[in-house]
Structure formats: C-alpha cells, structure tokens
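Next up: some structures, all given as structure tokens.
Each of the next two complexes has chain A plus one other chain: chain B in the first, chain C in the second.
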Partner chain A sequence: MNGLDAPILPTPVAWGLLIAFSILWVALGWWLGRHNRSAEDHMLAGRNVGMALATATAMATWVTANTTMTAPQLALQLGVWGMLGYSLGALGLILFAPLARRIRELMPRGFTSGDFIRLRYGTFTWRVFLVVSLIYAFGWLVSMAMAGGVLINALAGIDYRVGMTVILTVCVVYTLLGGLRAVIGTDFIQTVIIIAGAAFIAWLTIDRVGFEAIHFNLMEERPELLNLLFPAAIMFLFNNLLFGVGEIFHSNVWWSRAFAFGRNVGFRAYLLGGLLWLPIPIVAGFIALATPALGINVPAADMVGPLVAAEVLGLTGAIVVFIVVFAALASSLDSLLAATSDLVTRDIYRGHIRPQASEQNQFRATKVIVVLLGLLTWLAASYRGELPIIGSLAELLYFTGAFVASAIWPIVAGLYWRRANPRGAAWSMILGSGIGLASYFLIGFYVAALVGAAVSLAVMVLSTWLAPRPFDWDRLARDDVQPKGSPA
Partner chain B sequence: MTISSTALMFIVVVATGVATLTPILLLALFIRDWKKGCLW
Partner chain C sequence: MYPLRCVLLLLVLGLPLAAHAGPAFDATPERSTDGGFALSWEADGAVALEQASGPDHADARIIYTGHDASTVISGLPDGEYRFRLRASDADDWSDTATVRVEHHSLARAFGFFVLGGGVFLVLIVAILRGRPRG
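So, the complex of A and B:
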C-alpha cells in the first residue's frame, strides 16, 4: 500500500472504471484498425494523419504516467525548478518539428529510426543505435507499467501485480488489433481527458488552498522548494532539457509519427504539440507544493499527486486522478509498444534474421512482437524494488537518460551534416552512454543526460573534424524504397 | 533567492489557463479536419 493507511478509491469503483475504460480502448482499437491490410497500414496508419490527430498524439505520448506522477514528485523534491525543469521537456517536441519535416523529405517511404541510421551510418553504428534505443524503450515501458501498478494499488488497494497486469494487457490488446491507427485514435481522446482532468484538479486546488497559504507554509516548512538558486534543481533543469531532446530525437515513437503524418503536417503538429505540452508538468506538479499547507504526510514521493488530489477533492479527486493517469499510461504504453515492435520487426527481424521477409510476414511478425514485448515488460515490472536499478519511477526514468542524450548529436549530424563520420557516431553513443551512466552512479540521477550529451557531442565533432566522410543524401530516398534491403 | 507568492501564482495560473483551453483547441482542429476530410 506504499505506506497509505487505506485506499483512496473504493475498490468496486476502481474496478468499474478499469473495466469501462478497458472496453472503450479495446473497442476503439478494433474499430480503428479494422481496415489494416498490410504492415504499412498497421505501422504507419496510411502515412496521411491530419493536424488534429497528429498534434494530439504528439502531446498524449509525451504526457506519460511519468509526467502525471513524476512531475508532482519532482516538485516535492526540487521545488519550483522541479516542475519548471520538467516542463522544458516540451523543447524536445518543439525542436523535433524541423527534424520531422527533414525526415519526411529525406525518407518519404521510411519506416523506422533504425532505417535511417542503417542507411546513413552503416551496420556498426546501426547496431549500437539499436542497443541504445531498445534499452531506453524497455526502460520506459517498464516504468509505465510500474506506474500503473503503483497507482491502482495506492488508489484502490488492488494488488500491484493485478493492476499492472490489467493495464498492460489492455494496451497490448488494442495495439495488436489496430496498430498505429488505434494508437493515434485513442491518443486523441486520452489527450482531452488528461489535460482537462489535470486542469480541473489544479483549479480546485488553487480554489481550496490558495497561493498565500501554499507559499506561507512552504516558507515555514520547506523553504528550499521556493529557492530559485537550488543547485541540484538547476542541474536537473538542464539535465531534463537534454533528456527530453534525446528521448524524442532518437526514439522510434517519434520517428514513426514523422513517417505517418501527412506531408506538411509533421512540422506544425510537433511545434503546436510542444507549445501546448509546456504547461502540463506545471499544472500537474504544482499541486505537490500544497502538501505542507494541507498537512499531508507523504509516505512515498511518487504518490504525492494522487494523495493531494484525494485530500482536496475526496472521492471525485481520486476518480479524476485515476482516469487521468490511466489515460496517460495507455497513451504512452500503446505508442511505445507499437513503435518498439516496429523497430524490432524492421531492424531485428527483417534486418538481421529474415532479410527476405515479405510485407505480410512483417505484418504478422509485428503482432507477435507486441505480445512478446508485453510479456517481457510484465516480467520486469513484476520485480519492482527487487532489481537493483529499478527503484522509484524517477530513478528508473533517469537511468535511461545517459543512453538517450548520447544519441542526440549522431541524429542531428546525420540529418544535417553531410560529412558526419559514421564510426564517430557509433563511438559518441558508446562513450556518451558509458560516461553518462558512470556519472549517474557517482554524482546523481540529475546529471546522467547532461554528461552523456556533452561527451557524445565532443566525440561527434572531433571525429568528423579529424576524418570527415561525405554522404549523398539522395541515397536515403533511393535505398529506402527497396522492399527487401539487407544491412548496409 | 526565493520566488514570491505573486510570481508563483502568475506561472501556475497562466499554465492552468493554457491547459484549460487546450482540449477546446484540439476539438476545434478535429472538427475542421473532419469537415475537410483530412483526419487520416
């Protein structure tokens, strides 16, 4: 029970909500995906997604359980800079906007981020990238599955493993049925639910507690949370900025959308999605600052959001939080399941195991891989707290920071820098991840991405300066359309 | 250096205001795309 004396939400109510939303997502997934006939339909939703759905899916995927639960946790631990630093994650979406346009121009028939790295940098760098990308994807999947179990356990007293299993199963089923079309369609509804719910809780917290009381009690009990020169928090701010940029730049979740959005939609959708995402961590995180004013004892930092909502709003607050976090979990879990299964299908199955796989083979393979990913995630999330690196949600999330930040510069250089050195790209990821991880353990979670990105940048610049390798951009579009390509 | 109550209120109220308007904007975009036949 995470130290909570009693469930905030009656168990029958929680089961009712779980069942109702599970049926809704699965039915929508089936309905939206009923016309999928090929791997391209399933993986890229027809490559012509419009502005409304594109903007919503960018936002929904980036509003994860980590946003709705970790933003309050970070506000509680790092104060004002915690929530402001988290909101800088929006820069990842905003900065990806021009990249999305460039990706679509360079690879009009591309499928995955792995396709790009393979064609641009060759086999060695491609394999390094796959390791980095899959470690991150798996870490993110597990952290969201854990968040689902923690939430349901704390709010409704349902066993952690049972709750986690239900959420994961629902997401696997509708992703399996509808592919990216189901993911994007459900994302739209989930975005509206998440943002409206978070804003509702924030307005009522402001109304019930008030800024004067929040500020006064923080000054009395936790003045460091209002300190604008809190060193660890400022370090966190820059770390989070790089973490967000790295996550988005390298992950196939965002690349697959760049390929799926209609021509001229990607740039505008990512830009608008980023601008609208910016305030969400502040809205979700701010309520944690009300804990001293409310006299709430927080037994587990990652439960502060639901605790405050339930304290301020009672049963209604618990229900709203439950629905918001369920939607946030589903919107990210489904995206990650779909994008990671695409990456495994295209880059592992077709790229390494069966280069001659037909479109239909890949269509079937991607479904099998979604199920296997779900099973692996379930296994890892079942051992929450028993594995040395899987502690709190934030710790797990930032553990992957070194990996993702080290991929920023190889991606940017690969897209814009004609002379980028392919070996340098591989070593910038290897050394950036390695030294970033060392800093995670030696200094703290808040510097892993910062160090990973700095090392990666130095290696990328140095290697290209010493040994430039000119590249023909047209090769990306030319090789990209070959249906049965093998590793370069 | 401590953030004032007014500054904290300004940041949170602006953020919450934008978040409140976002679902309305998304629904308006959805209706526009739907009418133009370019949802997908």
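So, the complex of A and C:
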C-alpha cells in the first residue's frame, strides 16, 4: 500500500512547475492591471465585463480548492451521495442568476454586498452581516491556503508550510498588481486548464482502473460508501446545496461580479457558469472511490484526491493534477482576496473608520488590506491539524456553513420582499448561525448549514409577518454610493 | 566512580523501556456516527496496521503497511472494530484500539432530508415569485 512515504512528483519538477506558474500568474496580473487608475477600476474592472470572461470567472471561481480537493474527501467519507451532493453546489450559481440581474437593476452604482445590506436594513443588521461574511471569507481563504500546502505535500513531499506559503504569496502579489481585472483575466485561462485537465484525469482513471474493480473493492472494504441509504450522506445532501447557495448569495465575491459584469450579462453568465460547473465535482470526487481498489493509504482525508490521481496516472498525471489544482486554487484565492479586501475597504475602512476617505485613499487601503488578509490567512493555515476546527479542509469549510446559510434569507427577502423586517434579518443571521453551529458540534458537520438555513427562514418569515416594514426600492439606486447609514 | 554508576543505572532502567518502545496509537475515537474516523500513531519505522471486527481477531486483516503515521477509515457499517499495530519487522502487537460504529437512524436522516427539501422549495418559490422592480 502506498502513502506519503513515496511521493510521485520529484521535488525539482514540483519546484519547476511552482516557479513557472507563479511567474505566469504574477506577470499576467501586472499586465492585465497596468491601466487601473482608480478604486472603481481596481475593484470592479470598469463595470463592463463581457459574456465570455463573465462566464469563465463565475465557473473558475466556483471551481475551488474545495471542488478539486474536498469533493474527493467527501466521496471518501460519504460515498456516492457525498460526490453527487457536492455537485448540487452548482445550484448556488444557477439560482444566483436572477439575483444578479436584480442586483444590477436595483444598485447600478453599488460596490459590495455590504452596501446592499446597509441601505436595505440599516446599521445593526449591516454589522451582523459583516461579521458573518468576514468569518466565512476568512474560513474560505484559510481552507484554500491549506489546500495549496496539502496538494504540494501530497504530490511532491515538499513541506506543507513551504508550499502553502508560496501559493499564498503568488496570489497576494498578482491580486495586488491587477485587482479584479487581473483576477477575471487569469480566471479565463485557468478555466480552460481546469476543464481540459479534469476531463483528461477522469478518462485515464476509468481507463486504467475500471468500474468493476472499483465497485468490488468498495463492497469488500467500505460498503457504506455505495449504500444509497447511508444516513449521514442523506443528511448531507440538502446541507451541501444550502451551503453552496448561502456562500454565493451573501459573498462579495459574487456580488462584486454582479456589479462588474456589463448590463444583461450577469443572468446568462451565472446560469451558464453553473451548468458548466455541475460535472466537475463528480469527476473530481469519483477518483476517491478508487482508493480501496488501488490499495492507497490516505493519511489525511483532504489528501485523497491528489494521492489517487498521482497513483493512477503516474508522473504525467501528477503534473496534470498539480497544474489543474494550482489553477483552481489561484482562481479562487485571488477572487476571494480581491472581494474581501473590497468589503473591508468599503464597509469597515470607509464605513466605520474613515467615512471621508478619498478615492485614492480607498485605492491604497485596498492594497494594504490584501497584504494583511494574506498574512492573517498564512498564520491561521500554519495551524492545520493543531486546532479543532482547522483539522481538515471539509471540517473547516463546513464550520462556516452555519454562518453563510443563515444569510440566505436576509439576502433573498431583502431583494424580493418589500416588507422584510430589518431586525428580523439581523436575528435570522444571529440565531441561524448560533443554532447551526450547535448542530455542527452536537450532530455533525453535515447538518450545520441546513439547520442554519431552516432557523433563519423561520425567523425571517415570522418577523416579517408579525412586524412588516415597507421599503422603497428606489432608495437603493439613489443612495448606493453614499454611506448614509454609516455610524459616522 | 559516581558517573560510571549513573551510566550503569540508566542502562539497567532504560533497557526494558527500549525493548517495549513499539508503535502505539495516539488518542483514538471511541464512536463514529458516519462510519468513518482517522487513526494516528507514533512509530520509529514502518508499521503494519490490522483491522478486525471480533475480540478474537479471527477475521483480522492487515490494512496498511508502510511509513505513514495515520490513516483514514471510512464506509464501515454498524459494528465494533478493533485495530492494532506492530513494527513491520516485529511480532509484538500494540494495545488494541476499539471504535464503535453506530450510524444515525434513518428516521433522523430523512427528517433532515425533508427539512432541507422544504427550505429549498420555499427558496425556489421566493425567487420565482420575486417581482421585478417597479
């Protein structure tokens, strides 16, 4: 049985790939962002991104470390349903399509998801939302930095901290240089690499191992993975769907794109991006089911994807996996760094610290915040396996599930229900997150988002029914660049 | 003479300890509700990891041999599973780690499934019924 004691990718080859792609992404970042002159250029790429780039960035950003590394982990832990359940995350993108259109109509000059919550619900709900959103963004950033380190460690035996540091540094540098324009431009190239690489790996795995051997060995050693009545996996199905919906509906990663895409582009781009994304987790997750057939030892659940691919496909496969996952990681890490720094700049720095900050001040603040976020992420990811919720990728990711799923209803009600109650929106996030977290610890990671979303829905419906607060939608268009709700 | 006595004393006390310094499990979980868990261990070299489902180890099989210091087990049905370790070049087994797998009941699983399905349906209806601006 093989394991980490026999890494497939020779260290010099791994370093060569790492350096070559690092130079490529940083050079592209500089080139794509060389005309950025203002915060609006840097944050929203001039608000005129076309259909091809918009679809590519929607799809590539959603193909994350979590898709390429956590989907195999979930297939290993929750079997067939884990893999299929993960692909339901596509519904988050698809359902965001009509929301993107509505966001662009309601707030043609908006910058962040925080802007919307502040104008729609007021300061208290805005602050609750910022806490929820930043906890999620930070969890996602750390999980992706961890994935980078795990990938390099699993394939090449390079120390986890070294690999994690290199990947994080590269993403910080090119996001710093190019802003959203660089992020979207590199996403396009990374999408092509991801689709071609994933198809190649799936074809080779089926060709070399075969369905029959996979099925036989699973039935012998890990039969529950094929059981369609696997209880934890059944509980996980809608949990993952709602987690994906929560991630996309609330996160500034997707809102900033809705603001940046040209008129009438958002709906089609998110719809097409979701449909293109749907098969990726199935392809990525499937290979983990070959683990017993191949006799591979999996030392940590989040290592299974790269370990199996490298074992099945040899040196060529290891190189392809390395490039695909590096592209997937970079395309998401840069997006999240850019969108989170925008949120912190607009909603914390300008909203709470310096309301009179000029355009140039914000431009500079965005760059400082990207560096600070990178440093904080590095610090937290250094403690992988040493702190309870930073145990593995899936554990960390689903810990944030309770927070994001509880934000679904404040967003949906805020966009579509004229009488949604602002206090109800805040309490739906507070109670949804709290009870969702309790279920994470009392029942399992596979129910936290589901419970958070259900509690949040109940609070939102009840508060709006008992104490309706009519809202004038035109206020969003009138006020969307003025921080009137800010405490200053 | 005093240092020599100390060295001899250390050798006498240390030899039995060295003889029993085989691989040993770190803290292991006692119970799993999803049929999966991780096992980790301390060892100086390659180990053999054995899995069995009965106290007499009658159906025991080696599930890993190598230098890794942990493994992820998953997909096990309800039951009690026993694991033990030995150095790959030795015959002495470590203490046995026992993990009880007890899956959630199907009633609980479908309860969450129905709850999730309900929330999802309400979401679809809310978005489809959402009125355009104006």
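The rule is simple: the second predicted complex is superposed on the first by the 477 of 488 C-alpha atoms of A that agree within 3 Å, B and C clash if a C-alpha of one lies under 4 Å from a C-alpha of the other, contacts with A are read in each partner's own complex, and residues count from 1 in each chain.
Everything that follows uses one rule, which is that a residue touches a chain if its C-beta (ideal position, glycine included) is under 8 Å from a C-beta of that chain, and two chains touch if they have at least 3 such contacts.
From a predicted model like this one, the values you see are computed outputs, not experimental measurements.
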Taking the superposition on A as described, I'd like to know which of chain B and chain C A:99 touches: first, second, both or neither. second
Touching partner for A:78 - first (chain B), second (chain C), both, neither: second
Considering only the touch criterion stated at the top, classify A:239 as touching first (chain B), second (chain C), both, or neither. second
Touched partner set for A:229, first chain B, second chain C, both or neither: both
Between chain B (first) and chain C (second), which does A:215 come into contact with in this model arrangement: first, second, both, or neither? first
With both complexes overlaid on chain A, does A:192 touch chain B (first), chain C (second), both or neither? first
Could you give the residue numbers on chain A that contact chain B in one complex and chain C in the other? 223, 226-227, 229
In the complex with chain C, residue positions of chain A that touch it: 1-5, 76-79, 95, 98-99, 102, 105-106, 218, 221-227, 229-232, 234-235, 237-239, 241-242, 245, 297-301, 304, 408, 412-413, 415-417, 443-444, 446-447, 450, 453-454, 457, 473
Sort out for me which residues of chain A touch chain B in the complex. 45-46, 48-53, 55-56, 59, 80, 84, 87, 181, 188, 191-192, 195-196, 198-199, 202-203, 206, 211-212, 214-216, 219, 223, 226-229, 262, 276, 278-280, 282-283, 286, 289
Applying the document's contact rule, which stretches of chain B touch chain A when the two form their complex? 1-5, 8-9, 11-16, 18-20, 22-23, 25-27, 29-30, 32-34, 38-40
Complex contact set, residues of chain C against chain A: 33-36, 38, 63-72, 74-77, 103-106, 108-110, 112-113, 115-120, 122-124, 126-127, 129-134
